[in-house]
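First chain written, first letter: the chains are A, B and C, and each begins at residue 1.
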């Protein structure tokens, strides 16, 4: 078997393990699916009359607008959760077991990210179905849905890389867990929940240039209108930039861990 | 009976002291309970601040409208954390020490819950400081008093909820349920907007949810800025009712610890 | 009146698991009673029932003259408890912990403080009293646990595995304390998995296995039941099986332990010489040979077919 094929097989095995871990422990699912769903419900129900504000974009309903925010929220939380799981592996010595095996070092990170990607894809499908059940309309149709799932999955991988980097550097689950509030800071400083033009300063300016806003808009456009070329490349470039940085940081953190030990 | 109550006060006080010790000796443990509602408060104000342009809001400042929600979220978080701590104490055997002593069960519960009520003031103080810094309206002394009372009472209710779950599941893995319960109770109210501007389904839910009355009670000093008995008594009744029901469940849970 | 009176006490858990299957015992006032048995025998479950932390699913028990179910509150006023976990709050200081215990037992503040100081002094923790319990060693925690169980001068003291995990020096220190307490008049009910602890400390021992008492009496009475000394023979060159065959007719073979050949001598020490001769004639080299008097472990083996302190199993020679 070629080296690449062997590595892919290992990444697949580690990815399957990380997926099994997540779905076998419902209390890990709660923050990723249940909390964002509750937040989506209450924000749609509570702030839904925002669609009547003069400068609000044309939408069929506030839910159509909010779906993208819920999906990206899940992607961020999936990334954080993957980081926590990797840190737990490090704390209990499982990572050492992998490092002592004749497998590529990066397979360890990529395996974890494969799990995060699966979680991201799952949550994207979940929110599409949820949205459709509660009356949302996806303007771009099936192509739009596929694009949304693709963006969210890639975003989960990119965010997962940051979680992995922090886990590898700190080796501590509680450090990664402590970053949970940061997820919400990032979301509030983006257009995840509201159009940035209608937010208060200084959050509005930050949101206008926040790469997470570009990603959200890439996921939102197929729902409320059509995905323009410009929005698509902005979303993709943002994901690529975050992913590039996060994978770079993971790589550095992994090297540091290997050099320094536990 | 009154002798039994009199003898219980030292137990309650001792347990409150223990809880205060925990807070002072590991102050970092209080940070999540302060940080989360503060981030939410500033975040929601920044994001939804222009909702007040809609007709139906009695105020121009969303920060004034939403501060009660954040105050109660902070209390809810603190109270739920009391439940998590109790679950930890049960898992580690510390709670057996209390159960094997002659201290009356209500006194033990009272001590746990009283400490939560006082600890709720920590995030509340930070939130109020931040609120006034970003322009929330001053609620007046009476409005502030009611807000503080609402926070402490909600902290008590949240602690009773957390303790009930801790005694039922005897494991820290019930923590998300403790947090989620309070999260839902506080947010599924007139939290984001006045009742008329809510979607119909949320109007119905908020009508049924007793915590809506508490939100309105705490909000009145900030928005519209006047405190009336009519806006106050429903909140008091809601808090009393929740406290009575949850106390019953918690004491029952304590009795069943020996099962 | 007995300090502890137990009749047919049972405890069944969910799933039909019966941890305690009908225990009867009486502990006289002023006695030290040791409950000896391996992990999972039902010791801790029994203690939890007697200290009102667990409700029996069958049978009755009275502690200090009160029923543990119907008069649980009164029982709690009369007992001191030091449980297996030594459950102490790591963030509290030793002094704070004992004072809290005093408050829980409704001692007036001044009296509680006075007793706390006396107890801290007694268990040698005065110097560490203002340090957080999280910084204490295992031995210090046990001593603190013991001290806080005594603050209200209980009539009956329950100690659940009080020296598990302690080094020998700390263990002896705890034994000293228990003897002193007993000399002051306390009834002590302790559980242990250590033979020496039961042997050294207890007036009477109850051996528990599989949720039932299999033997009860003073250490001397129990050992006399088993009665006879045995030889422990270490054979060179791993010829253990052959050695067993050789000596099988010269005494009663016992379940093997740690690779040794064990042989009970029906006729006492006089049978040592024939055994040595037989091994020599068979060309087996003996590394060591010890004549051992009966121990409580022998009692346990006789009753259950297993050793108390190792994992060896053998067919039960005598069912309980």
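As a working rule, a residue touches a chain if its C-beta (ideal position, glycine included) is under 8 Å from a C-beta of that chain, and two chains touch if they have at least 3 such contacts.
Everything quoted here is computed from the prediction, not taken from an experiment.
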item	value
Distance in touch steps, counted as few as possible, from subunit A out to subunit C	2
Closest chain to the centre of mass proxy, which here is the mean CA position	B
Of A-B and B-C, whichever chain pair has more C-beta contact pairs	A-B
Remotest chain, subunit A as reference, centres from CA atoms	C
Centroid distance [mean C-alpha coordinates] between subunit C and subunit A, Å	56
Chain centre separation in whole Å, for subunit B relative to subunit A (CA means)	31
Whole-Å gap between the CA centroids of subunit B and subunit C	47
Residue ranges of subunit B in contact with subunit A within the complex	32, 35-36, 39-40, 42-51, 53-54, 56, 62, 173, 175-176, 180, 183-184, 187-188, 191-193, 197-199, 201-202, 205
Subunit B residues within the subunit C interface of the complex	7, 10-11, 13-14, 18, 21-22, 25-26, 92-104, 257-259
Of all residues in subunit A, those that touch subunit B in their complex	27, 30-31, 34-35, 38-39, 41-50, 52-53, 178, 181, 184-185, 187-189, 193-194, 198-200, 203-204
List of subunit C residues in touch with subunit B within their complex	51-55, 73, 76-77, 79, 81, 83-85, 87-89, 91-92, 96, 99-101, 103-106, 109, 132
